[in-house]
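Heads up, the next two complexes both have chain A, just with different partners, chain B and then chain C.
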Partner chain A sequence: MTKYIIKRILLMFLTLFIITTMCFVLIKLLPLPAVREMGRDINLVLAKREKMGYNRPIMVQYFLYVKNILVDWDWGVGEQLYEGLGIWDIMMQKLPYTVTVNLYSILLSIPLGIGLGIYAALKKNKWQDALISTLVMVFISVPSYVYAFLVQYFLCFKLGWFPLQAASLSQAGSLFSTKMFVSMIPAVLSLSFGVIAGFTRYTRAELSEVLTGDYMLLARTKGLTKAQAISRHALRNAMVVILPMIMGEFIGILGGSLIIENIFGIPGIGNLYINSINVRDYNFFMALTIFYTLIGLVSGIVIDVSYGLIDPRIRMGSKK
Partner chain B sequence: MKKILSVMLALVMVLSAVSALAEAFTPAASYDPGERTFDGGVITLVPAAGGSANSVTSDVYAGIEGKDYTDEKVYTYYDYIGGLTSQSNWDPLSWETKDDDSIRSMQVSSFYAFKLNSDKTGYSIVPEMAAEYPVDVTAEYAGQYGVKEGEEAKAWRIALRQDITWDDGTPINADDFVYSMQQQLNPKMLNRRADSWYDGDFSIVNAKNYLYAGKETYDAIPEAAEDLIAAGTEVFLDMDFWGVTGAPDAEGNVAPQYVSIADDTMYRDAAVEDENADEAWVSAKYIYDNYLAAGAPYNSYADQYLKVKNVGAVVGWDDVGFKKIDDYTLDFILEKPVNEPAFYVPYQLSDFLVKKDLYESCKSFFKDGAPVATEEEADEVTTNYCKSLETNASYGPYVLTTFQLDKEWAVSRNENWFGYKDGNHLGQYQMDNYVATVIVDHSTQMLAFEKGELDGVSLQNADMEKYAASQYIRYTPQSYTTKLTFNTDYSKLLGRGTGSQILVIDEFRKGFSFALDANDFATSYTAAGTAGYGMLNYQYCYNPFTGELYRDSEAAKKALVNLFEMSYGEGGEYASLDEAYEAMTGYDMEKAQELMKVAADKAIEAQIWDGESEIVLEIRVYNSDDIYVQMYNYFQQQLAEAVKGSKLEGKISMKLTVDADYYETNYSGGADMIFTTWGGAAMAPFGILAQCYTDASDGSGKQMEYGYDTTKIMMTLDFGGEIGQITDSLRNWTLWTNSATTEVPNIYTALGSFSDYAYSTRCEVLAATEQCFMNWFTTTSLYYRNVASLVSQKGDYAVDNYLTIIGFGGLEFYTFNYDDAEWAEYIANNQLVY
Partner chain C sequence: MMEKNVNVNIPAIPQEKFQFVQREERIHDERLKTKSISYFGDAWIRFRSNKSAVVAFSLILVLLLFAIIVPEVSDYTVSFRDGYYKTVLPRNPLFKNAGFWDGGQRSKQSEAGYQYLRSIGQESGVPAIMKEYDSFVDATGATFHNLRVDTYAQVGYTYQNLSAAEYQALMDYQDANNVQIIYPLSATQNKNFVRGNDGANFWYKLQDETQGSTGAPVLDENGDFIPNYLTSDDPQKAGYTSRMRIAGDGENGVWYTYAQKNQTGYKVRVNYAEYFYYKNGFTPGFLFGSNQHGQDIFTCLAVGARLSFLLAISVASINFIIGAVYGSVEGYYGGAVDMIMERISDVLADVPFMVVATLFQLHLADKVGVVPSLLFAFVLTGWVGTAARVRTQFYRFKGHEYVLAARTLGASDRRLIFKHIFPNSLGTIVTSAVMTIPGVIFSESMLSYLHIINLDASSLTSIGTMLSNGQGYLSTYPHIIMFPAIFIAILEISFNLFGNGLRDALNPSLRGADN
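This part shows the complex of A and B:
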């Protein structure tokens, strides 16, 4: 197992290097953003770009870029976005917001989603199951920004239960204060509806299948109560599919949600990637590409390894 | 028999195919629109008034009589920022965006302030950080800094107040200004706003040389490359032209971006796969000789890709025309005299003050990209001054108290600001705090406003139905005009293979333009835009002393009435010029249909269209917002109507393409038509044509009308008397109106400087150039931009109607109807209705 994990990690770095190299070369092949502003000296910008090394051969730029990251942890500065500010600093300022709001959402979604899924599976083909399944279809089909508008209009504007926008640090004191938490509830709710529905659907489907297994009958005949059989055998087997889904959601929280962040004024990382591509800010694009690629690759490894932890029959790297 | 029939059938098919091939239409390889000369009519020459004929007023509105502006209550204005990532740098030396400026402007004072005048009809100019109005001291510098004996208005002395301080109470004197200017022009920093001091009408002597001292710059060729070569000047090729910047030579050395066209070092072009194939190895000399030289296929790109090398003169700080005379007196020595100094010296003196100790502590030093310890050993210096709360300093009426990136910033009263104590600001600055929150989503902005959490909100098209009649609505005109711009480069259009080369026919574009009703367009597709017909809108003021607006002048009205071929006066369609102007819509479908018939015939005659092929005109827009689709549908519908009865009927259509880079696509000649917008210099209308409408027809400058070469458009103006008629290119006329002198010898020799003439004369010349530019309908105006917004019941601006330069009076004259506590109580108990 250890050997397998080491091998996967080494392969991960190789993949990351290849993707990073390709992205760097491809984005550098694009023309530089235009510098046209009435009454301003274009040479000032061009000279600045010269100093930033934009006119050097691409592979030289790439070498320096990688070297600066590895040696000085210097990810460069923004040119089109947040001009002159450090890329790493900006990302680190914005990431906690995205992580916090998504974390709240997952902490709400997992127990609710799994709980409703178990309940629906146990009440399979009864009215409770039909109701939950119908709601699940509705919440999965409707995009989260629609909930966001509804939540904002009814809960924040009409009823006044929550503020329209997430609080600023000056208002809330800290990211983890009660005031901040309350101000994030509308965003958390908007993010959660779809996730809860997803967990409910998968849990119901898996558990329904497991509950009909022969070993469940065996467990009951051995004298286990229904609750014992479900919790010790059925749920554990159902988790083989559900746990990687939970892992995936945890990894996804780093990505953020562009629309939810915009609607509720959360200064997160959600729209940074798209903005960096739109305005061709190379340093931001590269830093975020590396960041998201790494997240994807790490999550792949974590999910694969987690199978083995849940189900002893699955042993990664085993020769047999 | 079957065999014979089969053979005959095959024969018939072959013959048909051959005849079809023989008849296949091949459009002409080129198109010559012919000579284009515009008669700009008669210009009345009136010399500029000298002496103190033009002066500014200094009376300032004193606020509402009886209102207490200094009570103990707390007044906060809540605003929002509609976009992310735009507020990260309010350093006075390098700020860029309008949103950056909103933080900066709260925390600075200017040398002179433009304030609402006492009768609330316009502006007055009053000293702010300056103790008195600027004094012309040119005579003191005769023989120095390029100042000649007898010259005037080139050196200006500013006396400073002695009570200016930073927000922490540290006094400010002339040394701070000298230090700040040194940083502004610091060659190792390349601060973005350095050009304010060398690239306009207020250029300090040697400011540019100090900034670029000893540095090589590759600049546009000032004349034809052949002439430069003949004169012995070395010409360089931008290797990006061939995509071989950084390509290796045989010894592994990489190609720099600029290589002399005499250099025959061969570089490997990676785009050619076979190393032994033709052009697998190219040199700058080869590329120039074969592709860019006169007569070569890409000669039209020579201006864009050929450069001359200049080396900035090495000058010291003592050579720069910015002097400390004593602790509270500064001199600005300029390269050019300032015309109308009473207005333009205060207007062009921007603020540039930084706090020395903080600025120094915010610097980082690099050499070859690696950090070094001191500025002396560095080749690049960066700063994070005014990029966070910790690195902020203020010398204005407010000081930053909160800053959270992409979320919120706030300022509060700077108790150390001199203006609160000097007695010159009575009736101003009732506001104690200002809070700006980032709210990107428009519906959230509206909800926040309706809840009383914002004190103003911009409206969109969809909001107008609800709020158009509101008493709280305000219209803020902008200096921007949105137009439909056509590509008229025949080879580029031909290369697109969609038949869009018909756009080179003048009558076609004119017909298209006459098919569009600008009034209808502005009403239907914009929130607050008004129908636009010219390139310069109602914001442009041609006489800063009287506030007269260019668009309201007789000459400007005439230009548009003539452009749209409206007649007035005896026997005319309208009784007077004003009546004709008021009736203008730009729309005449009958005329459009006649023009389309002519256009179709002309296209067939010129062999650019066969009369049968389908033509598709593509309009590129920024995104797929519904409003763009509606605009496109309108164009398509109007075009279909315009071509009715012509040979184009049923054979032409439009296509909508979303292209986030549509400006760049246009600049490379890759678009048929796009929406274009320029503006931003409301007090300097005379330069805008040269700066962004006629500077380059090949996409290398700011001009968006690709293929419309204004150096080949001739304009004749009749000045009467001894001068008589003068004919020169439109480009040269616009350069002259932009203060060019010897660069346009034909005009300058006969007329002297543009500024030698009265504003009325300048206005007439500007109107002629504007009409001339639009005369071939390479662009057609659609609407003048305005912003509609709602103002809160919480307070009032000093004036309800927008005034040039000072808008509605600004926040300094804003008065509150409720303090913070009263407002909180009011909105808790009342539903706000707008």
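This part shows the complex of A and C:
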């Protein structure tokens, strides 16, 4: 197992390196955004660019970029966005928003989704199951931004329960204040519908398959009540598939949702990413690309490894 | 256990009772009476019995037809914009008196606003107030009216600057068709009134004629408006030669002035609904309303849907082909070939799609256009999933005896791959190709919503662009965002149901696998 994990991590770094290199070269091939003249000395900017090595060969620049990150943990500074401020600092400033919103969302979704899934599986082929399955189909298919509009229109505008946009830190005082929490509810709800539906679907599918297993019959035959049999035998086995999914979700909270952050004006990582693209701030874009790639890679590993940890039958590293 | 010496008493059968069963005929199996069913025939039978999938498929066909036909037959185009019929509400001529879908909007108006709307109806003959619910006096003593306002008729009149030729043409059109388009200019020529297209709707006497007037009228003893047109003693002032004149013109030798000459031509005051018909050749009517640029949402939606369908279907078919070939080669040859190819597809699969889409837009959008570069972005990483599925199928089937038999008989690699093994994976990959469609549609709308792809310069639009147009008007004009949102929701649900039905039909062993 340890050997497998080490192998996967090394492979991850190799993949990350390849992707980073490709993106870096592609970004550097783009023309640099013109120096904005207003209120700034062009020569100063040009001198800064010269100093940062913008005029040297791309591979040299790449070497410097990687070296700066590895040696000084220096991710460069913003050029168009947050001019002159360190990219790492800004990202660390934005990350808490994204993490908070997504954390609320999965804390809401996982119990609800699994609960509904268990209920549907136990009521299989009855009307409750049909209703839940239909709703799951609808909620999985409809894009998250449609919920966002509905939530915004009905809950925020018509009923006036929540503000239209998430509060800023200066308004709310702290990230965990009540005001902040209330203003984040619409975004949390919009994010949650799809996740709840996803968990419900998987839990239902897994559990209803497990429930037909022979050992369930055995458990009942040896005298366990239905509730005992389900909680001790069926659920545990169903969790083999569901737990890795939960792990994946937890890693995914770092990435967040670009579109929901945009709609509700949450100043998180996703919004930073969109802004960096729109104003062509390539330093931010590059750093966030690495960030997102890394999240994807890590969550892949975590999911695979947790399968092996949870279920010893799944041997990792064995030949496929 | 056998008993010995069993004396079975068999009666002697005379020999002539025996006869041959058949002698001349050749023995052969009975022919199959029923028609054999092919794989796809079988799948079709299974698919047909799945009600929701059939409904979803029909819905997709309807939406597809909508996307194909509407842009061809619609009066409007995406580049059509109208500065006055902005944010008008959906109107269907069939629902004229239904109380909904008639372009009406409930609104609360002050007394001045109520009179203003009433005056438009009185002058043009098309009432701007569809229904008066009630009126009340608030604590400060001001009267308010709850009305249903026709969002089309409330546009009323506008000032237009025409060149001499355009002016003449408009007058000729008036005479030929017997319609009054040009109306007399108002005596109050101030600009920047609170209401009324630069004051073009104030044909009546105002209590206050300064800028910022609310439009409160001076009423005569019967409660009627007092006309306040610009007058002169010359009936043809500023070259108004048309015979069309409004009622009350020319009384006591006082003639209304219909135009004003300025540096570039003539300034006239027109009834905008009629003028719109004169300019465009059709009456204004937006089935799904119009957005803040005055674009027809119905047509834009069809054009956006066309882009979504086109993109999704091309991506699905290209991914199908690349994935099939790549996966086949990987799965069939295995070993080092497989390992190298797997690593390549692993790396590609791990690049975040947003990054790919953005880089392709930045690099290629200027060279090959926005839509092709988006297509490339989808194709670059989209086939990985399909390839993985095909590869798995190849690993399952390539060791089977029938494949060995075919190889022994001298079948080439290509024949083995495409004739013998690949058909086994057909069901899986057709399903996966269809299942990619909703994802492509979603990603495309998301990218255009976030302005990462920018279609503003072209005569195209996309559902995401429409959604982002409507975002700022969510509270005031929800119809702008509602129609594209409903459309994409229906589309996504239909494709998912259809995909599920297809999966159950093509891979009976997977029936209900994750449902």
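Criterion: the second predicted complex is superposed on the first by the 293 of 320 C-alpha atoms of A that agree within 3 Å, B and C clash if a C-alpha of one lies under 4 Å from a C-alpha of the other, contacts with A are read in each partner's own complex, and residues count from 1 in each chain.
The criterion applied here is as follows: a contact is a pair of C-beta atoms (placed from the backbone, for glycine too) under 8 Å apart; a residue touches a chain by one contact, two chains touch by 3 or more.
Because the structure is predicted, anything quoted here is derived from the model rather than measured.
**Student:** Name the contact category of A:Ser190: first (chain B only), second (chain C only), both, or neither.
**Tutor:** Touch partners of A:Ser190: none, neither chain B nor chain C.
**Student:** Does the superposition put A:Asn275 against chain B (first), chain C (second), both, or neither?
**Tutor:** first
**Student:** Under the stated touch criterion, which partner chain does A:Gly53 make contact with: chain B (first), chain C (second), both, or neither?
**Tutor:** first
**Student:** Go through the superposed model and pick first if A:Gly265 touches only chain B, second if only chain C, both, or neither.
**Tutor:** In the superposition, A:Gly265 touches chain B alone.
**Student:** So, A:Ser109: does it touch chain B (first), chain C (second), both, or neither?
**Tutor:** neither
**Student:** According to the stated criteria, A:Ser306 is in contact with first (chain B), second (chain C), both, or neither; which is it?
**Tutor:** A:Ser306: touches no partner chain.
**Student:** Determine, under the contact definition given at the top, whether A:Leu85 touches first (chain B), second (chain C), both, or neither.
**Tutor:** first
**Student:** Regarding the shared-chain residue A:Phe157, is it in contact with chain B (first), chain C (second), both, or neither?
**Tutor:** It touches chain B and chain C both.
**Student:** On the A-aligned overlay, A:Asn283 touches which partner chain: chain B = first, chain C = second, or both, or neither?
**Tutor:** A:Asn283: touches no partner chain.
**Student:** Please report the chain A residues shared by its interface with chain B and its interface with chain C.
**Tutor:** 149, 152-153, 157, 164, 262-263, 278
**Student:** Where on chain A is chain C touching in the complex?
**Tutor:** 15, 18-19, 22-23, 26-27, 29-30, 133, 137-138, 140-143, 145-146, 149-150, 152-153, 157, 164, 201-202, 205, 258-259, 262-263, 273-274, 277-278, 280, 285, 289, 292-293, 296-297, 300
**Student:** Quick one: in the complex, what on chain B touches chain A?
**Tutor:** Residues of chain B touching chain A: 84-85, 88-89, 94, 96, 190-192, 194-195, 198-200, 212, 215, 217, 219, 245-246, 254, 257, 369, 371, 379-380, 382-384, 387, 402, 404-408, 410, 437-441, 443-444, 447-448, 450-451, 453, 660, 663-664, 667, 678, 680-681, 688, 691-692, 701-702.
**Student:** Mind pulling up the chain C residues that touch chain A in the complex?
**Tutor:** So the residues of chain C touching chain A come out as 346-347, 350-352, 354-355, 358-359, 362-363, 438, 442, 445-446, 449-452, 467, 471, 474-475, 478, 481-482, 485, 488-489, 492-493, 495-497, 500, 512-515.
**Student:** Help me check something: in the complex, which residues belonging to chain A touch chain B?
**Tutor:** 31, 34, 36, 38-41, 43-45, 47-48, 51, 53, 55-58, 60, 64, 68, 72, 77-78, 81-85, 90, 93-94, 149, 152-153, 156-157, 164-165, 168-171, 262-265, 267, 271-272, 275, 278
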